[in-house]
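The letters A, B and C name the chains in turn, as written, and every chain counts its residues from 1.
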């Protein structure tokens, strides 16, 4: 029981990270209908920027608790957002309105570029950091087994919920959100009605990248080690989460992320660590076979 | 409304057909029959359920209730409502689409050959024999090309045979879609608004083509908005309104039916009357 | 754009570049003497990169501005000449490939590259059936390559079967897995299919990695038997029942390389031959029709599931053949050779070559894989350039090198169909 409780906490905090990345996938898919394959690598960039900012702060002797974390987060979000914007501008915008596979290949190319760019500029070796927020609270005790809810996990959950709340407000309450939803429904009509669709799409990428940066920073703090390759698997899992939740649906992305995080954690805890990815992917395949549009996806009525 | 009685000459029997989408009933308890060798038109105001009915008959929707049967001489009736989509075409029901659905990147001729897929597949020994060059495929393909040519000339598209379907003008695309449906050699051809978007001259040509097809023994079922075409060529007209069958008879009889007139003019609609009074 | 505007624009680009590169290039993280991470600054490199972006952006705006003035839509003499040349590309490439081992200056290294390129040509042609003709986006094609490779390795290891028996078996097993995967998932559309095939590729790789008793796990399988020349082994003994001895040749290690070269050449040609034949037949036409409009296919009585399955299984089978070849050539395989990036590269070859175009795929494989090998000296920069090239080619030629479709049959002369009309599939 206590063991399961611990897995639940671990699973939720991992799921939150997947959920944050998944939102970026689902937003981009919703608005321009492409799989932004490079999004996982944008997440990796976010983690690296956070790492470098953190080291800068440490060198300046400014390393001090929550304020520093907030600063790290902000810098990472801003610079990663710039990466998101540049990627869209350079590799996707020229292909707008072109056929479906061209942006996908372009995205795969960008993914290769980003990975190898970081490998070349930062080296291939994993980068470890020490735990910034050690400790946590004891949730329950079952004989020798102590269920820990670490401060970092709390931070991840609180921060993710906060960011998602802000993001939901942005999409539902602001003119930008309205423009985004309009582009999602019908891009041509939106542009006829005077919405600057290029700008809206750019902003979608910027927001998606900023959310991925939050996820990257959290990943760095939680696991304490990153390398240039973390983006691939995290990206694939997050995309899986987006599809599982119903691609195009924002709550679906978060739900899917949580599910993937929980499945992975529980599978590792009770069955086998090696096959945790197989478990996540198998669940995805099964979901899609029985629920072809994901959990919260809109059922498409076939128009003939 | 007389209802329908199964009779010997019918090709299509629709009995108590109901189609619901969630809480919305698009077609409710519709029954009628189409006679072999005739043109049956389904008309009705927008949103009357015509296209839904049509999609049920051609297997794109699975009806919530009721039955659709295809009767072919000397054979047992086929329950279309229980067949998967592609089986319906194999049973002898071909269709066209309101928004033309050709294979735009393939030539007109290729479009017509794809329509003869099942027949040709059989002659290739389901793909394997033909790769090895064993079967009588060349002869089968020659025959298929002959059939395609016949329909190309019937639809006046012979010079465009090697042009990609997507590059043809609108009217030609409509005709090509009919030719493609006819290449499946159907016993019932279903046309979804074949005259939509055509100019009067093209409408006339279409009417002649449809009468030709009827003349060759194929029965037709069409949804149409162009009353000129409907009244000119139909042998029988079925009228739907709000998902219900409100009239079923000869063009002349239907035209004079007060219920039909009311449906088209919106009379008897209480909301509107109330508005007029207010 | 006036020069002043162009300058401002370039300055803006340089500012963005500074934002991008300042941290990731300017500050390098390294393990310090104390074991923790330290930062090392590299501002010169950042300045250089910003300078390059500035100059590049300036050049592009000025050049694009001039080009826009002369923009023509119709065919220019240059493109027409290219089209005329295009007809000779395929025969010339074929002749070159056939004669390659006999050409002067072609040594072992060049032949090895030739074998590698032909392997990717074959994989590209195999995937072309699935993606280019049937319009099914498969992001896990490498799984079938892996299945083929491991089938041969395991069959040879456990049952001592020869390459020539294992080759068809590997293809059949891969096709079988293709059907097994395809059956439940082929009714999924578009990107759902893409992600499921990707997941399948990863599942296969993870299983290969962890099922240590059977597959050797990360250590892979080594000592895979080399192919024989229809029973005559290649060795240096000069025995009468070795290849060299039987034909009275001087034993030479290059015999095996040349044999492997012609083996993959033959397998690739088989793939090509089957594809070309099928394209002119109902099955191939149905694949293309499926790519164009699935709903219309259903209305014409075409069984969509079986048609998709045949494409999937056939593509998988050729992937399996290529895998068996890969195993016998390397004599060693491990899950590392079958990562997602392989799938991505094969897909990129198909898309860059032009969906459905056999010649385009061959050229793309030659350029991408050949180019990749030629730039071996660039080390870790190589993948960076490779990825960048993918982006640049796509931006310049979204439809790939050969963007037109040739009709499978015609009453008169066959005329190429513009890529704008050709569908790309939704499945």
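Brief remarks on what is shown
Criterion: contacts are C-beta pairs under 8 Å (C-beta built on N, C-alpha and C of every residue); 3 or more make two chains touch, one makes a residue touch a chain.
Treat the numbers as computed from the prediction; the structure is a model and nothing was measured.
Each of A-C and B-C has its own count of C-beta contacts, and the greater count is at A-C. Compared with chain C, the chain whose C-alpha mean position is the greatest distance off is B. Remark: the per-chain Cα centre closest to the mean position of all protein Cα atoms belongs to C. Chain A and chain B have centres, each the mean of its CA atoms, that are 49 Å apart. A straight line joining the Cα centres of chain A and chain C is 29 Å long. Rounded to a whole number, the gap between the C-alpha centres of chain B and chain C is 44 angstrom. The residues of chain B that reach two or more other chains are 60, 97, 101, listed in rising order. In chain A, the residues that reach two or more other chains under the touch definition are 302, 304.
Counting partner chains per residue, chain C has residues 295 touching two or more of them. By the touch criterion given at the top, residues 274, 277-278, 281-283, 285-286, 288-289, 292-293, 295-304, 310, 405, 407-415, 417-418, 421-423 of chain C touch chain B in their complex.
Residue ranges of chain B in contact with chain C, taken from their complex: 58-60, 85-90, 94-95, 97, 101-107, 109-110, 113-118, 120-121, 124, 127, 130-131, 137, 141, 145, 149, 161-162, 164, 166-167, 180-181, 184.
Touching chain C in their complex are the following residues of chain A: 29, 35, 45, 48-49, 51-53, 55-56, 59, 79, 82-83, 86, 90-91, 94-95, 98-106, 108-113, 115-125, 127-130, 232, 236, 239-240, 243, 247, 272, 274-275, 277-278, 281-282, 284-285, 288-289, 292, 302, 304. Within the complex formed with chain A, the residues of chain C that make contact are 16, 19-20, 23-25, 27-31, 36-39, 131, 137, 184-185, 187-189, 191-192, 194-196, 198-200, 202-203, 206-207, 209-210, 295, 340-341, 344, 347-348, 351-352, 355, 380-381, 383-384, 386-391, 394-395, 398-399, 419, 424.
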